[in-house]
Each structure stands twice: as structure tokens, then as C-alpha cells.
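The following pair of complexes shares a single chain, chain A, combined with chain B in the former and chain C in the latter.
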Partner chain A sequence: MAGANSNIQVTDLDFTSIKTNFVKFLQSQDTFKDYNFSGSALSTLLDVLTYNTQYNAYYLNMVANEMFLDSALLRSSIVSHAKLLDYVPKSVSSPVAKVNVIARGGANNTTLTLPRYSTFVSKASKGQSYTFVNTDTLNATFYNNTATFNDVTLKQGTPTTLTFNYSSTGNPSASFELPNTNTDTSTLLVEVYPNPSSSAFDVYTPTTNFLTLNGNSLVYFLEETATETYRISFGDGILGKKLTDGSRIVVYCLISKGSDAAGANNFVLTSNIGNYSTSTISLLAAEGGGPKESIASIKYQAPKSYSAQNRAVTKQDYITLIQQNNLGVTFDAVNVWGGEENDPPVYGQVFIALKPSGGYTLTEIQKQKLIQNVIKPISVMTVEPTLVDPDYTYIQFNSNVLYDPNKTNLTAAQIQNIVSNTINKFAQSTLNTFNSTFSSSDLTTEISKADPSIITNELSIRVQKKFYPNLTTPTTYNFYFGVPLQRSTFLSGVTTAPALQFRNPVNLLENIDGIYVEEVPVTSGGIESISVINPGFGYSIAPVVTILGDGTGATAEAFINTKGNITSINVLNSGINYTSALVSISAAAGDTTGQNGGATVSLQGQYGTLRTYYNNNQDAKTIFNTNVGTIDYVNGIIKLSGFGPIQVDNPLGQLTISATPTSTIISSSYNRIVTLDPFDPNAINITVTAKTT
Partner chain B sequence: MANITNVYSDIDLTFSRQPITGDVSLVLDNRAVISSVRNLLQTNFYDRPWQPSLGSNVNALLFENITPLMETTIEQEIRNVINNFEPRVKIDKINVSANTQEDGYNITLQFFIGNNTQATQISVFLERTR
Partner chain C sequence: MISSSQKTSLLIPSQLPGFIRDDPDYENFVAFVQAYYEWMEQNDNTLDTSKNLLSYSDIDNTTDKFIDYFTNDFLPYFPQEALISKEAIMLLE
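Showing the complex of A and B:
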């Protein structure tokens, strides 16, 4: 048969390659020669052998793949690997909304109870209305005929109750399957009754931390099953309390539609509480929610969870453990930094900025829960975790596109659409996270590539801040744009939208509407510095420096060296209201030899002023307040001082401040996020021009 | 046959023993080719893994009504499978004649093997078995 030197390839998985390898192997012998003829008996045998080889090789390859977290493809294998790393993949999670519920008609001091899982229906959002429920039982007392349940947290989902009876012989592992794959596991409530007729029960809580358990801990363990459902199991009397025979387990949970219901608003309670008529005031539209954790995410998070070992020490530990919270909140981006990096430094604190999925900020209750239940128990004792909201800087894009109509049959509107999609895609992939960088030139390149008919394009951007002004108390606001701002030229200065209403300071009963904030066009300032352009010679005493210009009050002093040259000029008082200035240097009294010294002046340019104006009855622009704040052009900070409008002419009450950056490269760090506002119809403005020939 | 020796050698599909050595016995030269031709005729499309086009449709044709057209079709089928998969054989003559009494076809195949000038002839009776 085969000679000692014939080698057979064993790496192939393809039928033909395996067969070719066998044929090559047979070529080294001459007993059987017909291996190459399809009809031969040898060929038939080779086929069978090849088929068998391929079958085994494929099977082994599959098994080997599924054996490792990195290469596994089946969700059940990945979940199983994650289990070894003590990682429970996150379930689908429901969006959360907030409402006040008011009941009317009860006698004073009567207590009214809003039962758990009372059903609220949202008004149709995206053509679909959703059912939300409150997850806790709440009480309120009637006062003046009304009882108000404040800040009721609603979660989307269908309440489901599952009841299991435990028998140690029928179910020795004390585990119970929750059959719905869309169970939001953060809403699980597990009650254990000692026997089916008992009315007393214990509430069991989930745990993954085995170090603190004993035989009396009322805990259950949660895991995902191979069929994507969930299983809860109970302790064995050593790690967690053991169930007694005949106990009844009642599990309450919500079956969620994930993030589909995000944005749902205007909730209505479907039935009255008691016999009282109720009304619901929506405080916060539904936010957040997300699908079941993806395979890619499990592969990414599970090893990190294992390396963090349930202790938040390093930056990555915090990020991993926050992402894995069991509160049902998912995050698009998490950034963590030590307080020593702040200016001024704050020692002993760690700052955490979070951008929740599908929303902009966390609610106060979510923040408290995150700190108390997720971060505090695992962080180093002396380190104080502080949650900060992300500081959003919105970019408004103004794009001019020139295209060649001979190269395309698309209309200008279609080109506009393509460009708009390109900008949106660019914003999605590069912005909207911490530590991101926006580069204008990258985007222009993308736009040029968007369609072959686009000849060229130019892009200008404005940076915006959006906030809800306090309408009752005048407040001071600081906005950090994180990029140097341009001084006002025509139509490019700082502006705000929409119009504001202020109380007339002269007649407090009267309101003035249509007020806007603008940058004072030419901001006159003082002297920033004086630089010596000719040191002169022969000065025996420091010469006298006089500043001439249209402002007043600026003074400066000169310094000379031993050779009689002027070395520097120091501004003592920068003065005010200079728009231009000259320096005159004259020899001091008693100095007969000093001459020829010369210097130039740099005017202050770092700060600008903001004012408010409106158009009066005769449509004449009237200044309402000459100074409502300052602009620090160099550091990109806008400050509104004692800003107290009484109304913002916008249904949301949101005010937008826009400014033009000097740089088109905008980076975000710490808690800053640069983003495109998907809800703002003016966020992208595109002008498409056809080239005429 | 005498002037070509041991050019082709194949395993015997009956797996009979060579009486002296006890090894599996070989079929040589003409017999190897003939057994290969028989194999091809008896192989249906999709019989062999990953080689769906290997074989002939003769098996299916035996279940059709016996007509003169069918004789030609079977003949063409045999010609195709041999031309496609048996390069050692050059077909000289194929004779397919229906045997209506026994519901089958008498097939006589005459061919040359390699450069051998002496024709080889095989006769088979093909009938459906189920």
C-alpha cells in the first residue's frame, strides 16, 4: 500500500478536497489503479470513506467551535459559557415613564390605594398604543377632595403571574422555568408561600454573589436557558434557603415589547381607583428599554464581568458593572473618570457620566438606585461615586451641495435626501458617545462620495446647547461648548430660539413677548497686552508709556535692561471701551538719551457680551437688557447671569443657544457628548444647486 | 486481452477472498472496466454523495411504458453516462431491444477498451425490480 513518504492532508473540510487527498494517497501504490475512474468499485468505496471523513471532520469542527466563547455561534453555547463566568445575559427591558395620578371625590383623610399592575394605556405613538403598569402598590390620602399619587413609575409590559408547587422528589434541583422569552427579568418578583393555603409569604431576591450567602438567605438564582427562556432556582440550604416540600412559588413579571414603546406618552388609567374618578398627568414620556442582550454583547461583556470580579476598582470595572446593572436600564455610552482630573480637582470621588439608551438623562430615582444598589455595594469604601448628566453639545449642519444634473437622473430633492442620510449616518457612527471627535472635513469627504453626481460641497456648522430655563427664579447658567467660539460678524454671532417672554421691569404687571438673546455686535474691551517691537536704546530710566485710543483708563509701565533697551511693557490697568489703541513711548523726565522705543497693542478679545432685544410695536429693534451674560470666546463658555424669562414660546419650554465654532474639529471628553438632535427638524439644512453649463 | 496486462486493477465488489493470499481479490483489465460500466449503469443520479450528476437515469426509465422511443432513450442514456464517466471505453455499438414478455430490455453493449482493437461485448437484461 502507501509508501512511508506519502502524506495525507487532514485539514480539509470540503468533500472534493478530502477525496483528492485520498486519491493522492492511493497514487503512491500500484495494487489498485482505478481510483480515478468514477465507475470503479474503488471510487465508490472512496466516496463512502470521504463522506464519513467529512462528516466527522465537520462535526468535530462544530463541536470545537462551540467549545469556546470566542468562536461559539449558537446562543445556547454562548449563554452556557457566560454561565461559567457567572454572567447572566440581560433580558429584554421595558421603557419607563412617569405620571402623576389624581383621584377626586373622597372625604378628607381617606387613604386610597393604587394597586400594583394598574393598567395605563398610552396614546398612539408611531401608530401603536402601549399598555404600561405601575410596578409598586402606592397609597395616597385625600385632602381637599383630591388624592395625588406623585411620580408614579410606569413600565411597559403585560403583567404575568406564574405559580409553581415545589416537590423535592419531582424537582430535586428546585428550578422553575419562566416560559416567555420576552420576560423583563428586572421586574421579577418572587414570593414563596410555605404551603398552597398559606397567606404569609417570603419575598426572594436575585443574587449572583455567593460570598455573602448562608442557609437562611432568601435568594434565587436566575439563568437563561438553551431555549432563550429564563429559569429561577433556589438554594440548597447552604447557599441560599432551601425550599420546603409543598411550598408554593408565585412569580410576578412583565412580558415586555422592548424599546418599541419608547416615546409613548399621554397615559390614561383604564379603570377608576375605587369608585373615584381619576385623571393622569404625564410627567415623562417613556424612555429607555432595549432588546435581549445580543450574542456579540454577551461575548464582549462576560469576560469583562469576570475580570472585574464584582469589584469596581479600575475605570473599566465601573463601565462593565454599570452596563450590567439589574435595574433594566441600558446605556449607549458610559464614561468614568477620577475626580483628580477635574478642574479644580476633587479627590476621593469618581465621576460617572451615563447616556441611557433611547434617552438623554437618567431620572433622579434611577440615579439613586444605580448608586445605592449597583455602584456602592461594589466600589472601594473611601471612593464616593458621583453621577453626572451628560452635557450635550448639538451640531447644526448647513451644507451646500453642487451637483451635475447631466450625470444623474435624480432630482435635487433626492440628492438632498441622500446627503441628509449621509450626515445622519455619519453622526450615528462617529458622534453620540463620550470621547468622540467630530471632524468637518471627514464629513465633507463622505458627502462628496455620497453620490457620483455631487461635484463638491461645503459645510458650515453651528454648535448648540438646549436647556429648560427656570421660569420662576432668575438663574445663572454656564454652557461649556468645548470649542473656541467665533466673535460676532454679520449673522454669525450667538443667537437663541424660540422667542422668550420677560416681565417688563418698568411695569411689572406687563409682559413683553418676542424677546431674543444676541451677541453685542462690536464688543469694546480693554487692553490685553503690549508687545515691544523696537527696544530703542540709551534709556537710563524706564520710559513713560501712554496709551492713546477711543477708550479710557488704560495704563502701562515699561521695563529696561542695563544696556538701556526696553525689555517688556506690562499693562497695569486694561481700561474700557477701546476699539483701537496706539502706544506712545517717551523718555522719562531727566532721561536725555533714551529714544526710538516702539510697541503695539493687542486689544482684549477673549470676552463678549450678550444682550436681549425685541421688536416693538413699530417694528423697531429695542434693546431690552444690555447685559444678560458673557461669552468666553477662547474657552467656548457662554454664561447667562440672572436669566429669568417667564415663558419660552415652545411647547417643551426648551431654549436653544447657537454659536459658531472657530474650529471644525470638535472633541468631547469627560461628560460631554457631541451629537445631532434627531428630533430637531432644523438640525440639518441642505441647499442643493445644479451646475449650469 | 493478452496484449494488455494489468493496466487496470480494481477491487472486487463481491469482496470475495483471493484463495491463496486471503486478501480481497482484484479484478483486472477488461473485467475491471466491464464492472465499472455495470456500476455506472446501475448508479442513479444523486446516489453518490456530493456528485449528483454521476450516474444515469436508466433505473427510472425502466418504469416507463415500453415503446420504441424508450429504447432509443435508454440507449442515449447509456451512451451519455459512458461518454461522461468512463474515459477508458470507446462505444462501438449499443443494442437495446424491449422484451415485452418479461417487462425488460435486453441490452448488448459492444465497446473497445483503450487502444485495444478487439471489441468487448457485454449483455445485460435490465428489468425493474420494484
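Showing the complex of A and C:
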């Protein structure tokens, strides 16, 4: 198979080779075989003709490349090829925010309307405020002189209305161009009036599914034009309802600034609704939004969309069709797997993890819309789609860099900046998606290559989970790191930040601040379990089990079956201070036939305990709760049980829990994403040291 | 290979002005220009390719050189080892 974007070369493009070829051809002709082709006059003529051929060959190659989606370079060609595959490139999309709008002063039980496209202006961020609008007309009723519009969805954009009059002779294809290249096509609202003076209208909706269409379907077809604008066209009476002569088409849409407005918040309603005083409560800062689909993405998505044929059967079908959704939501990453891969298996379900562009998770409303409007209509009837949020594991990088000051004019701070950029670039290209793998040695190599003056570097990493604890009800949390965790040694144990506040269980009126979670230091190792590796034979009485090792106190008992074999050995007392242990099995007193039983010991080490502590008034470390959770080192799971702080010393209320992985290779699968938190100033810590001579 | 009716080289003598075409002194020049076009009409050279370009984009008439591009566009997940011939691709599309 030809590689993606591979270039087509249909004719030779090298000047010398073309000229040599031409001369050889002339020399094969009787008329010219004795000519001196290197003579100045003839050589000049040959050069002119060769240049002419080369120019023709160049343009020919360019044209040949534009013939196929795989090799085309011009957006107009790529969009045209995509059209052949029934693929509509995604337009620029607007970020979405949510607010509650409260109006005051109305008489009870009167209804207030918030008209579509009422204007909300965000608080300026980085010197820029953005205009958002609500895309639906909403009603609320006054109660206690207050009317509240709950969960109002706002989209960034400038509302635009376009009006077209249809004439079958002037516009036989019934197509109309939307002239702005920044039209967010997910916001299109198309109304068709039978004549310009009519007040009644039909609402037409977009479609790409021709199976359900007939001559009365109120649909329009959307496409991108060669000039990056959009065009809508209407049915011919067979596939979609045909427009009647004199119809007036009114198109409402938003002209978007893409993801520029992501993060906008603190909205103020600037439109006047009934002369009432209003206030706005921001529920969700603007997130999402994105630019027009790139040509690389169109080349990638269009053939896959064509292969999916608008039905989701394979994993790639789901990924392609979800990416292609017309809800105006774009995704950085999509992962899909069958429920049979879950532990425990969940048959008959397909699980879908989505990382939205410019955000971390989808809202519940977005999830419902995605399932009802995008996934359900195209999925196999008996397969239930389930959306799961991405489970983010953050990596904290700690890098020590040694450099040679004699090999560079850069300062240590500049070297530090270079290394920081290298880590960020590595994280962007390697992490932040599903099914990615982080390799510490790869990053170490990249850091070494970041500047010629860097002699060597060492890298240590911590893995982190970030969450918002429930501050009203004690809750149990499970964190899956997806990598085995180290038992606590110097500075490597599980920690949390920032400080927490708990209610004093002894005096509920008192709050204790400055509380942290830590791993209980390990002082002793007992016996975890004993596995039978040889059941032996002839045992008439359960044999005696003796545990030999450098610790003390461990005891166990064996169980036998009716055939005289050892079936299992239970640990009765784990003992303490074992770093190695053996099991000795000997026939019990009175048993003359039992022999050959054998077993191995597993030392404790899979689980650890978490506790909370604070420093009291005398700055003495004081344990607040001896057991707030467990650590499963082997499976990389941290559990906080009945965890009930009443405050987190952080404006966002976010708590970070950190641990050290045993492996420097971290892979993500299913709904897990390993990433670098770009908003965490402590995510990258670099120490740069100059080599001394 | 382009057909005789498409060959520009055959039209060269008639396209040159009479004072060149009919003057014996320019006989070799006419032959030279004609030879240039004959050379460009050779297989895979510029004129031959440009006149065949449209047929290359037609799956019924294309050459093996372009099959990969058709499969990349229309059959990205179809196992390549299963594609036994151009005819198989035409049927699948």
C-alpha cells in the first residue's frame, strides 16, 4: 500500500536527465545522429526545449497528485475528494458554557422569555472578552418575584441571518452559499417559507443518511466549497423535499472564533429581557471549540468514514463516526473496547472513552446527546453503548541535569528552560491520548540531546491523581494508577497536597487544619500466604508446617483430603520482621506414611496503609487517623475509605495524591490517559548543575 | 500509448508558418521541432502522460501505478493481501 500523503511522480523532473534523454532520442534519428549537441547554438535550443518539458512535467506531477485524496495538497482538491466519499469536513466550532440566568421584579406566575441569541459577554481574560449567545428560546415563570432559567447553554459567536429567494430557473441546483468561512455549521438553523410574505415555515435539518429519505423529507445537504465557505442544497423531490419556486430560505448561524474563547467565564447578560434586572450564575466555564478541520484530518478521516458506511460495528467505525459527529464537539482522543475485556466482563456493551478538545470530560448533557443522536442510531441494536470519562494519571517530572559551562554561553536558567521545553514537547507528542506509552529512558535521551552542553541527566517521576473530595459526605475513592507502586522509602511514599481540614471527631465543634495523608512506614514484614507446590501423598493426619526465616512468630496449618494429599495451607499468624522465609512440612506424630509435601511462602508486601497526620501547636507530628485507606502496590491502586475532609486548602478544592511507580515505563489503556498537567507549576522540576573542573 | 489522432507531432509541419515549412533551408528545423514532440509523446514522457491523465483517474482504465491510491482512498482497511487484481478492487468499489 502506498503510504499516506505519498507523492505521485508521473514523469521525470530532473533537468539534466530530461536533456540527456532528449539528446539520446535525437541521436537515434537518422537526420540528427551526426549533430554536435554540445555546440553552443544547438545546446541553447536544447536547453530551452528541456526547460519547457520540465515545466510541463512539474505541472503534470502537481495535477497527478491532486487526483487522489491520498496525495492531494490543495484543500479544495481534498474537500472535493472527500465529497466523493460522502464526508463533510468539520467547520470551526464554538466553545460551550453553562449559566443560570435570574430575572427579578416580575409578578408571580407571569412567564418571561429569554429569546434565542440573547447576548452574554464574558469577563475579560488576557485583555479579551467574548460574546456568547443562547441558541434556544427559553421560558421561565416568576415565583417570589424571581424567574430562573436553569442550565442555559451558551455558545460563543456572532449571530448571523442569511436570506435567500429560490428560483428554479436562476438556481436549478437549489444550492445556497454561506459566505463566511468561520460559520459554525453545527449552529445552522434553516427555515423555509413557501413565499416571502408567508409567516408559516418548515424547519429543515441536515442529513447524510440517504436510506430514510423520501420526497417529503425536510432535509438539506451541507458541503464545503472550494473557497472554504459552506453551501447548503435542497432535495430534488426524490431524496428530500424539493423547494417550490418563490420559496424564501432563512438561515441562522453563528460566526465563531473557534477555541479562542475556551475558558471564558463570569458572563453578564447584556440583552434586555422585559426590562427586568438580571444576574447570571456561571455553572461551567466555556470549554471545547476548535478550528476548521485540517486537511491532514480530512485525509485521515474521510476514507475511514467511507469504510464505516454510517454504521458502527468495528472499533474503528465507532471512533470515526464519533469524531465525525455534528454536535459541534471535537475530541483529542477516542478509545473504544468491548465489555468482555472489562474485569469482570460486561457482555453486550461497548465502552467508549472520550477526551474532548480543550477539556477533560464531557458534560452529562453532551453525553446523552452523543449517545441518543450519534451512537445509538448507527450501532448494532443489541449492543449497548456506555460512555466513560477518561481517568487521568498525571506525571510529575523531576530532572537533574549536569552541563558543561565551557561548551555554551547559555546560563543555567536558560538550560533549565530548554530542558523544560523538551519535557513539554515530549509530553505533547507522546502522552495525552489513550493507548500511549511513556518511557523514562526515551525522555532521558531527548533531554541529553536538548543542548550540546548537557553532559548527562537523570530523571525521576511521580504519578499523581487529582480529584475534588466530597466536602459534605465521607466518601470512598479508588484510584487506578495502572502501574505498580513503590513501598515507602525515603521521600518515595504516597503523599497528598494541599493541606486538608477535618472535623475533630472528639469535639465536633472544632476543626483541625493542616492535615495531610501519608503512607504508614513499614517496620515489619510478615507472611502473606503459603502456596502448595507439591501435595505429597500418604498423609493420614494433617502434617506440621514450620516457617523458617529471619523473622519470628509466623505459624500456619495444613489441610489434607481423603486421598492423603495436602490441599492448602493457611497462615494463622503472619509473624514479624521476615525478609525471607521457607516452609518445612513434616508428618505429624503418629503419621508413618505421609511424605513429600512442599510449599512456598509469599511475604507481605502487596498492601500498605494510609493515615492522616498534622503538626500540633508545638509543631509535633500528630497522627489524626491511623487508617484512612490502603495501597495495593502490585496493582497500583490507592483506596481512600470514608474520606471526609471539610475543606481543601486550595481555591479549586482539588486534592492531588502522589506516588512513586516501580517502573519507568507507563502505558495507558482503556479509559486511562497518562499526561502532564499544563496548569500545574510543580509538574516539572529541574535542577541544573554546572560541571566543575 | 496515445493514439495517432492525439499526436501533436503529426500536426507540427502544418502549424509552422509557410515561409518556414516550404523553405528547404528550414527542412531540418521542421524535423527538429517534430522530433521534439515525438520524443515528448514517448511512453511515460510529458505529452503521453498528460494525454492519459484522465484515464489514470478512472479505475476502469488506470494503470497498476495508481491502484494503491485508489485502495487508500476507498478501501483503507481492506487487507492488501486479499487484493488479487485490479478487477477485484473495481468489483469491491
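The criterion applied here is as follows: the second predicted complex is superposed on the first by the 560 of 693 C-alpha atoms of A that agree within 3 Å, B and C clash if a C-alpha of one lies under 4 Å from a C-alpha of the other, contacts with A are read in each partner's own complex, and residues count from 1 in each chain.
The working rule: a residue touches a chain if its C-beta (ideal position, glycine included) is under 8 Å from a C-beta of that chain, and two chains touch if they have at least 3 such contacts.
Since we're looking at a predicted model, the values are computed, not measured.
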Check your understanding: A:316 contacts which: chain B (first), chain C (second), both, neither?
Key -> second
Review point. Where does A:32 make contact in the superposed view: on chain B (first), on chain C (second), on both, or on neither?
Key: both
Practice item. Have a look at where A:47 lands relative to chain B and chain C in the superposition and call it first, second, both or neither. Key: first
Practice item. State whether A:64 touches chain B only (first), chain C only (second), both chains, or neither. Key: second
Point to revise | Which partner, chain B or chain C, touches more chain A residues | key: C
Review point. Is A:506 touching the first partner chain B, the second partner chain C, both, or neither of them?
Key: neither
Exercise for review: Would you sort A:307 into first (chain B), second (chain C), both or neither based on which partner it touches?
Suggested key: second
Review point. Where on chain A do the contacts with chain B and the contacts with chain C coincide?
Key: 31-32, 45
Check your understanding: What residues of chain A sit close enough to touch chain B in their complex?
Key -> 15-16, 30-34, 37-42, 44-45, 47, 50-51
Exercise for review: Would you tell me which residues of chain C are touching chain A in their complex?
Suggested key: 28, 31-32, 35-36, 38-40, 42, 44-47, 49-50, 53, 56-57, 65-66, 68-77, 80
**Study point:** List of chain B residues in touch with chain A within their complex
**Key:** 7-13, 26-27, 32, 35-37, 39-40, 43, 48-51, 54, 85-88
Exercise for review: Give every residue of chain A touching chain C within the complex, in rising order.
Suggested key: 1-2, 4, 8, 10-11, 21-22, 25-26, 29, 31-32, 45, 49, 53, 56-57, 60, 63-64, 67-71, 81, 85, 303-304, 306-307, 316
